[in-house]
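Common to both upcoming complexes is chain A, partnered first by chain B, then by chain C.
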Partner chain A sequence: MRGVAIIGVGETQFGELWDRSFRDLGIEAGLKAIEDAHIRAEDIDALYIGNMSAGKFIEQEHVSAIVADYAGLADSHLPTTRVEGGGACGALALLQAYAAIASGLHDIVVVGGAEKMTDVGEVKAAEILSATADQEWETVFGATFPALYAIMARRHMYEYGTTREQLAAVAVKNHRHGALNPVAQYQKEITMEMVLNAGMVADPLGVFDCAPLSDGAAAIVMCSLDRARKFCETPVELIASGQASDTIALHDRRDLTTMDATVVAGKRAFHRAGLTPADVDVAEVHDNFTISEIMAIEDLRFVKKGQGGPATEDGETALNSKISVNTSGGLKARGQPVGATGVAQAIEIVRQLRGEGGKRQVTDAEVGLTHTLGGTGATAVVHIFRRVR
Partner chain B sequence: MATPRFWREIPSRYNLIGTKCGSCGTLDFPPRAVCPKCGRKSVGKMMKQKLSGIGTIISYTIVYDAPSSFDLLKPYVLAVIELKEGARLTSQIINVEPGDVKIGMRVEAVFRKLGQEGEAGILQYGYKFKPVTGQGKSPATA
Partner chain C sequence: MRGVAIIGVGETQFGELWDRSFRDLGIEAGLKAIEDAHIRAEDIDALYIGNMSAGKFIEQEHVSAIVADYAGLADSHLPTTRVEGGGACGALALLQAYAAIASGLHDIVVVGGAEKMTDVGEVKAAEILSATADQEWETVFGATFPALYAIMARRHMYEYGTTREQLAAVAVKNHRHGALNPVAQYQKEITMEMVLNAGMVADPLGVFDCAPLSDGAAAIVMCSLDRARKFCETPVELIASGQASDTIALHDRRDLTTMDATVVAGKRAFHRAGLTPADVDVAEVHDNFTISEIMAIEDLRFVKKGQGGPATEDGETALNSKISVNTSGGLKARGQPVGATGVAQAIEIVRQLRGEGGKRQVTDAEVGLTHTLGGTGATAVVHIFRRVR
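Presenting the complex of A and B:
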């Protein structure tokens, strides 16, 4: 296997973008990434697109070919592939590109992630998101996506004494970070009272415990590490990846308060990287709900099991503290156009490792990690990145 | 959910039919063709088995935002239940005030309408769970 580097990144604004189409968003992110990498269109060997449900959100399948076509690449006849794995699809697309370059199959690959979610109403969008859970044995009985995470949250509270305030502290922190991110959907700070007083979605999770519905796209250009300097002065190496799966239904899991897929994906990635959780300076974890971030920092071993709530409340995961978690604002504040998420997380880590974090820069960031979930944890993907000296 | 798709799973949704592994004896619900513990050894040895419908709440939530087909039920309780045979499932908890539901509460399966296909479509039935008599306050008797 040869080393793989990220040489270009680009993303759109995240938010409710009524005037922008799926194509508009995909093309904008892709062109920005290509521009950033200083490559020409004819240098690209392949395109991987992470997209969860264009078929349901915009009634359009086969979006990988559309993105290549409208990026003006039809005549290049590029291999283009859409990757789906629930909310983890962007991270999985990145993994496909990594494998393709590491193996020598391709030299320069563009990875895109995009979702256009606001062309359908909120109730319909929520139903589409719930389809990443088990339709036969969960949702048909009235399970919504927030309900399943609320069931995890309640059990976490029962077993570890996690409090409503500790859950809320995740949202408050991520909005504080999001306020420093110019592409975030919400660039506004919120208070603990606002989170606690918001309407309930699925008890104990309220409106501010849930990431929003969003439109947006993100793209990355990758190449072999040995050629990276030719295109980019500040390449970032993708040093290892770990992917794992688990039962599709939450009720079949060994433990409702631990995502074994995250535990295993994290172990695989750290083992391959030859690093430990203590080596990570900055992490983007999948905070589709506040409880998800608490479980993620535990399952990735940044904190002990059961300590995710207190650690967050004590500020250990805030910008430039013990470990900086979700400096972009996370899914909560940056937004969660599902297919774009895994790619956008990687972009935040690249910016941090390049020293381009602006007001939210993590001091001397050397090693960064992304963690992305599909469904209620039936898929987990962990990528580990390092600054190239 | 489309009618044939719902219809195929009726034995399990109406009568809690699961499978017992002929190799290790583990009970699974819904039915599985392969035992997660025994793998290939279990193929062809998975026997149908009716489950008791008696179980315990492992965790739960009160759902306030729900798909339009569940509008009339809001707010409703949704729980992960461990049946006494060991298998777990997800179901609504009914005949109880949401505030009275507790982790550890003993519940039993009852047959109820789950939904319907579209506005005038075929009715879909299946299991919901209610507290085992003597626990919690039923709205009818409270």
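Presenting the complex of A and C:
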């Protein structure tokens, strides 16, 4: 297998973008990434799109072909493929592109992620999101995503003494980071009091414990490592990936406080990379709820099991602390256009490893990691990146 | 890149299976393929699922995780990924598995395709299917799939003198083949008169010119070519693939009588295989409508442009004639559970190349091809297979 590098990145503003269509967003992100990579449209061998539910959000399937067409690429008859795995679709698209380049099938591949969620209203959006949990055994009985994650939060509090304040500390930290990110949906800090006093969604999770509904797109250009320098002065290598699945329904899990898919995906990725969690300088983890980040940093072994809450409260996961987690603001503050998330996470890591993190730059960042979930953890994908010297 | 072989196949009955769920179907096909490959569940490194619209047909996204879970594979935490590209999703899933094995990322991969279409009623199903055409410029104005393919048929008749009877000849032939296929949805022959006198759907396409709505699943086990003999006495090599896209909307095409995506995907596949259309003994092409098969055999260069109608009428594409096309009965008679289609096509080719075609065996079949479309031709995938000697 040959090495694979990222040579260009681009994304749209994330937010409630009522005047922009799915097509507009996909094209803007793609063109920015292509420009950043200094390639021409005709250099692209293939396109992978991460998207969760365009069929339901905008009544359009087959979105990979749509994006290529509307980006003006129809004449080159590019192979275009959409990949889905709940919220992990963007990370999965990255993985397919990696395999396509590593195998020699393609040389230069564009990976896009996009979702247009805010046109359907909040109730319908919640219903669409819940279709990535178990329809027959969970959502048909009224379980929403916040409800399912609240179950995990309650059990985590019971098992490990995790406090309401520790959950809230995740939101406060990620909003502080998001305030430094010009494309974030929420570029403003919030206080502990605001989180604790916010309206309840599913006990113990309040409004500020939940990532928002978002519109947005993100794109990455990848090529074989040996050609990366030709296009880019600061290529970033995707050195290893790990992917794992678990039961779709929460009630079938071994343990409600651990996502085994994250544990296994993390182990697989670290093993392939020949690295350990201690080698990671900066990580974007899937904080669709505050409890998710606490479980993620434990399951990825950045902290000991049960120590995710105290570590967050003590500032160990803040920018330029022990390990900088969700410097982009995470799903919580950068926003969560589902299909775009895995790609946007990778973009943040690339920017950090290039030294282009601006006000939120992690000092001397060499190794970065992304962690993306599908459903309530039935899919997990971990990618590990390193700056090419 | 290392070679990739198919070592096991399995599928369900195709039809209106009102007493079987999506999960039932996916698992049955998968277990049959695993049994056929003589592997154990723990040998499987990854699972790819081709599925078009489970989000809308059964209100369930994230179906790759569902299938692994319900097949009892949750404990091995398999990487599972769903792939979508309109009607081409099964063929695209096969392609991702090919890249994953060729790259060395995985050794043994299961590819499944499934769709459960008949529970929502015909009007809703037609609406769901049309979401793979251009929602903003076609379907919002009421264009259905039969209507869009009828436009192509009319233009083909105008340009090349293709007759109503020649279109009908595709359906008559494929029902004749389907009558020999024990898993086909329609295992009965039809006459030219029946096709010509059937109710009109979209002029000139009548009921018998359209593939049905179907439930069904199909699965394939693939591994690296060097290990194939270990599991299987008659492995079949996937020697090359070609994939191409085109404009999503019909009105943006260069020519309504040719699908450029098919032309380009075919050229790419033949080039990589070092073969020509004349080398192909048996082909499964995407006959979602009768006109589609005529265009496909022209665009794949099995016959000259414009000669698809006369060639079909003259029996050149019947079982054991010049080239045996859609020996399974095709989408028309075997049925069209969308996500399963590309996988089911590959299974038919594998059976033919193994010499397991039964009453519909193509004599001395050495090289086979599958052709699968997404939308009205915005995606096309061509795979070429050869018997391993």
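What we mean here is this: the second predicted complex is superposed on the first by the 389 of 389 C-alpha atoms of A that agree within 3 Å, B and C clash if a C-alpha of one lies under 4 Å from a C-alpha of the other, contacts with A are read in each partner's own complex, and residues count from 1 in each chain.
One rule holds for everything that comes next: contacts are C-beta pairs under 8 Å (C-beta built on N, C-alpha and C of every residue); 3 or more make two chains touch, one makes a residue touch a chain.
These numbers were taken from a predicted model, which means no experiment stands behind them.
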item: Touching partner for A:A365 - first (chain B), second (chain C), both, neither; value: neither
item: Which of chain B and chain C A:Q135 touches, first, second, both or neither; value: both
item: First, second, both or neither for A:V285, with chain B first and chain C second; value: neither
item: Touched partner set for A:H62, first chain B, second chain C, both or neither; value: second
item: Touching partner for A:D252 - first (chain B), second (chain C), both, neither; value: both
item: Per-residue contact with chain A, leading partner among chain C and chain B; value: C
item: Which of chain B and chain C A:G375 touches, first, second, both or neither; value: second
item: First, second, both or neither for A:I151, with chain B first and chain C second; value: first
item: Contacts of A:G86 with chain B and chain C, given as first, second, both or neither; value: second
item: Touching both chain C and chain B, counted on chain A across the two superposed complexes; value: 135-136, 249, 252
item: In the complex with chain A, residue positions of chain C that touch it; value: 1, 21, 23, 46, 52-53, 55-56, 58-62, 64-66, 68-69, 73-74, 77-86, 92, 95-96, 99-100, 102-105, 128, 131-136, 139, 243-249, 252, 260-261, 264-265, 374-375, 378-379
item: Chain B - residues contacting chain A, complex; value: 1, 5-6, 9, 30, 58-68, 70, 73, 75-76, 78-81, 88-92, 103, 114-115, 124, 126, 128
item: Complex contact set, residues of chain A against chain B; value: 123, 126-127, 130, 135-138, 140-144, 146-148, 150-155, 158, 199-205, 249-252, 256
